[in-house]
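In what comes next, chain A is part of two complexes: it sits with chain B in the first one and with chain C in the second one.
So, the complex of A and B:
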């Protein structure tokens, strides 16, 4: 790099770091949005990660059944004292108010189904659980099957799913005892055995004793051993967000620094510069070097900030470095390419605002849909139609524990984009300078 | 009349600017479709979540568990893994939403009442993993309870000497197990879901991705209404920079009239933008915006009044077009994020939801959701409209104060 090229690079860098709007786009907005999401998902203080949102639930127990004496002796279920309950509907309502569920459900009892539905209609509650009149009767095998109604606010999905899961588990526990007693007595009867009340009581006792099995005994839950990096889900989300923002705004930075060619042209300083013994190559080299250096600063600072403040595990240093190099090169060359297509700074404003926002958001689609289990695979392919998609992919691969070999293909793709952008951009700019 | 002339001048200027159309119409439409597609999924394919399964149990109970999961409306089984390590890789790669390994001794231990649990693998923190886990636990619980029923039946029959002659305990157990599993097809109590919705949800073929679009359409409309202010507020900033505004003040047009003229142009622009996007939502996405026309009109007009107020303040405060971009895009990101345009507020903590209700975009989105999802009418959206009007008045007042100060 000649001294002149270096001088131009230093001057452009100084301009970039003095520009308030450039600083806002380079650092403030990515950090602001990531902080917003950190707050949105409950922060990083909790080791468990997500704090499940609490759903307001109203319970209307319409159960008219009455438990025979033997069942009221059931001492406790899931840590809830059920002594003295008169019906299984009452037991169900008491279970839904268990301390263990307070974090996810705030339960209020209502007298009638209409009042419970009205609470949901008025958005005072998210879900109404309506226990029918024949609840106990159905579970004692003395009538038709009973349906517990979950009446929910249609705008909600997550909260009602959690409530449905909890209610479903309780109902299965109740049903298991009924089914078990029914099967045992049915089979004994079919085999010709005489059924005495004592035998029934003994059988019922065996089944109710097994109620309330903890879900921990049903499955051994583990994260895949291949999962590396953050195990805190909030940090994982923030890594995706900050990574996406980093890519999105790196392209703005590249374009913004290279835009100085247009600004200088409009101010006439470029023409004055060409009256001095400064080659076109030195000028272009200086501007491009400035873009590269500013991008190195931006990318490095945001990666370090993410690590220190949001505890983001970006991956091993070599894959992260490869992903960052690819991003810096493609963002700088894209800036050169875009500026070569523009006639004025006014036109550039529209192009940067519109095109870079559009392509940036397309490239970030995997970030937006990160948690959705229903994302179609085609969306990943759409993302890779823009260079931002490859840059996001590179960071994601590094975060997921990918090695240098995994990153190489991605880097090659980014180098290809960069090569094309640079070839077209520098040729067009050179031609413009020649005029 | 001068106010209208000024507004018409602004609108003509905006109509000539290609950037205006990108922010006002192209982007919200593209992102409504993209987000709807992303969150609604591929409706032609099986929407159930893929569960990688490795059944190492060669006996019957493992098969019963597989059969229970095969009938699930939530998960679909993928049995392509040959080993737990291979299954872990599929889970880690997110090829499957979760993995389940049924151990080799599962049937044997379950029959002997020994503690045994299939291994469930999922990436930590994902909603897909949570959903699949709940479904798998239900299936495991039902199988375990059926086995328990069969075991108690055999024990009771043995105690009462009631085993039929010529029937082995194993056969008696299998018979009871079959009965218990069959009983789970119609359990004595079950959950039914109903919606507090006056509007029937349209059939999937009539409106694919309805629920996804019902969220993304209002969200993107609100977000890009703010982004669309860049052009309109830019005119005001440009007038200041070119001293045109100062010349205008020397005419017999009052500062108030000048601001109202610009405000009117912004209001008309945003109103037109929202009207076109609502039309797009109604006709292309089959969202029932017109089911409650007066409610839709009220939310739209008040949302446009708020956006125009914000645009006027940005135009008054910004010194040049560059500042306009910053002053429009930063609030856009903050208000859209806080207001629930990207992620539904229901998944955020209670404190976040409370703060969100101080943001105007949350009210815009809530107002439209009242119409589109809850099927409510004019009465339901009056609170949202009142809040938006208050914001509009506040922002207009701030703009006037700042303009006078300058």
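So, the complex of A and C:
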């Protein structure tokens, strides 16, 4: 790099960092968008960050049944200690008060159905679980059908869904037990055995004891599949979003800095530069170097900002560096290419607002679908039709714990894009200079 | 290469599509002189100096600055030139000092030499106290001064100024004209383009008049005025200008040329004292009243009118 190339680069960098609109697009917008998403996901209160909303639940256990077998034979069910319970209604109430659910629901016991419903009506609770008087008898097939009532605040979704899920699971388990008990008793009757109440209780005890050996748990919170290195799910989502924003706006930065060729042409400073003993190559080199350096600053600051403020784990440093290098090169060369197609800055709106936005959105499709098992594979492939898609992919590979070798193919693709952009862009600009 | 010719232009020619902007013009600018290219807008002055300063590639012909061909040795030729463009070509978001430092680097100045020269130029253009303000906040006149200052940084042997006084207030204009004279006194050769006759007349040792891409006359002010002899130029305004009146005046003995533009009738005549009564008589005969008369001694305006049949102001 000659001294003049460096001087031009320094001047252009200075102008870029003094431009309010450039700063807004480089840093403010990506950070603002990511911050908005962070608030949408409930913020980042602590290291774990991810907090589920807690729902107040009232339980009115009206069950009048007796279940002596369960008290001795089924000490635990789904990790919940059921020792000493006398009815299945009591078992369900204890299940809802389990430690595993304490994060998502706060359970209060009430004496009557009316009081439970009133608590919901008064918004003292989000959900009321009303267990009918014949609950145990119905589940054991010794009475009429019973119905557990879920009385909920219609504006809530998460809490009632969890309650419904736990109740449903409980009922499913006992339905299976009821069928099992029924079939056993029928077979005993068919075999000519005399069925006594003690025998019924013994059979019921056997089935409920078997249920208690289930190794399932009530509730687990897991990170999206395929993601490693960061246990904070919000940070992982924000990483995708900030990474996407970083790529999206890096292309704008590259184009914006390279656009100074047109701005200077319109202001007359480019022509003045040509009257000095400065070569076209030095001038173009200076402009391109400025774009590279400004992009390095933008990408580095946003990566560091994401790490420090949003606790984003971008991956190991070498893969992240390779992804960043690919992004910086392709964004700068794309800027050169785009500007070489433009005759004046008046076309910048259509070129940047249209083409860059469109290709940026295509490239970012994987940001909004990445990691989801329900995403058609075609979407990921379509995003790779534009350079932004490869840049996003590079960052994602690094975030998912990919090594330098995993990033090489991606970097190669970005270098190819960069080479094509640079070859066409610099040729067109040089031809424009040599009038 | 030592030579008395600072700028040599030989057969320069330039087309822009169908427009033949400069038609094979040739002239020499001697060292130490102020050479003005005078002509109306669109005459080809700016295209000519753009080729001399290496900004445009000529279609034909050659230009050399201080012996360096602008096409064969552009860097050497450009190193001898300081260009003051017609439009202000500065970075609004940089301060005056930052602008001067940047442009100084572009002409090869570095380190203490650059800092010293920037300081000198800031003093020369009277902006030492406001050197740290961004140029975008300057008045038009102050920007013009910085615009000129940039061209002076490397103490070039030749300064090319393209209509540097267009659209500025009289005070700034005077500042620039005095600056040009000052530079010339210091030995700098100046190639100056203008469409203001008074500027060319005041500044120049040598004037070349351009029109429609051609060099139509060249010489000192006195030599050019001699082209129209001792003719006076009369500018008259009529109550009701008519073709008949103008034809009558054209047929009047002693009248060389009559033109009418923008409500002003210009008459070139050998002796205004003798001609004026005849013009009044002819106007009266047509029932036309002469409402204003301005009599001027021969000048560059008369020369241009004589050579082209049009006023220079157009």
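Heads up, the rule we're going with is that the second predicted complex is superposed on the first by the 277 of 435 C-alpha atoms of A that agree within 3 Å, B and C clash if a C-alpha of one lies under 4 Å from a C-alpha of the other, contacts with A are read in each partner's own complex, and residues count from 1 in each chain.
Methods note: a contact is a pair of C-beta atoms (placed from the backbone, for glycine too) under 8 Å apart; a residue touches a chain by one contact, two chains touch by 3 or more.
Fair warning: this is a prediction, and the values are worked out from it, not measured in the lab.
Novice: So, A:187: does it touch chain B (first), chain C (second), both, or neither?
Specialist: Touch partner of A:187: chain B, not chain C.
Novice: For A:267, using the defined touch cut-off, is the partner it touches chain B, chain C, both, or neither? Pick first, second, both or neither.
Specialist: second
Novice: Tell me which partner A:39 touches in the superposition: chain B (first), chain C (second), both or neither.
Specialist: A:39 contacts chain B only, not chain C.
Novice: Under the stated touch criterion, which partner chain does A:275 make contact with: chain B (first), chain C (second), both, or neither?
Specialist: second
Novice: Tell me the contact category for A:153 with respect to chain B and chain C: first, second, both or neither.
Specialist: In the superposed model, A:153 contacts chain B only, not chain C.
Novice: By residue count, is chain A touched more by chain B or by chain C?
Specialist: More residues of chain A are touched by B.
Novice: Check whether A:403 is in contact with chain B, with chain C, with both or with neither, and answer first, second, both or neither.
Specialist: A:403: touches no partner chain.
Novice: For A:15, select first, second, both or neither according to whether it touches chain B, chain C, the two together, or no partner.
Specialist: Once the two structures are laid over each other on A, A:15 reaches chain C alone.
Novice: A:434 in the overlay: touching chain B, chain C, both, or neither? Say first, second, both or neither.
Specialist: second
Novice: Spell out the residues on chain A that touch chain B in their complex, using ranges where they run on.
Specialist: 20-21, 24-25, 28-29, 32-33, 36-37, 39-42, 49-51, 53-54, 117, 120-121, 126, 135, 138-139, 141, 145-161, 164-165, 167-169, 171-176, 178-180, 182-184, 186-188, 191-193, 199, 202-203, 206-207, 210, 213, 215, 217-227, 231-234, 236-237, 346, 349-350, 353-354, 357-358, 361-362, 365, 368-369, 371-379, 382, 400
Novice: Using the touch definition from the top, list the residues of chain C that touch chain A in their complex.
Specialist: 50, 53-57, 74-76, 78-79, 81, 83, 85, 87-91, 93-94, 98, 102-103, 105-108, 110, 150
Novice: For a test of understanding, state which residues of chain B touch chain A in their complex under the given definition.
Specialist: The contact residues of chain B facing chain A are 17-19, 22-23, 26-27, 30-31, 34-35, 37-42, 45, 47, 49, 88-89, 91-92, 97, 99, 115, 117-128, 131, 133-134, 136-138, 140-142, 144-146, 148-150, 152-153, 156-157, 160, 162-164, 167, 172, 175-176, 179-180, 183-184, 186-197, 201, 211, 227, 230, 321-323, 325-326, 329-330, 333-334, 337-338, 342-344, 346-350, 352-353, 369, 373-374.
Novice: Which of the residues in chain A come into contact with chain C in the complex?
Specialist: 3-4, 7, 11, 14-15, 18-19, 267-269, 271-279, 434-435
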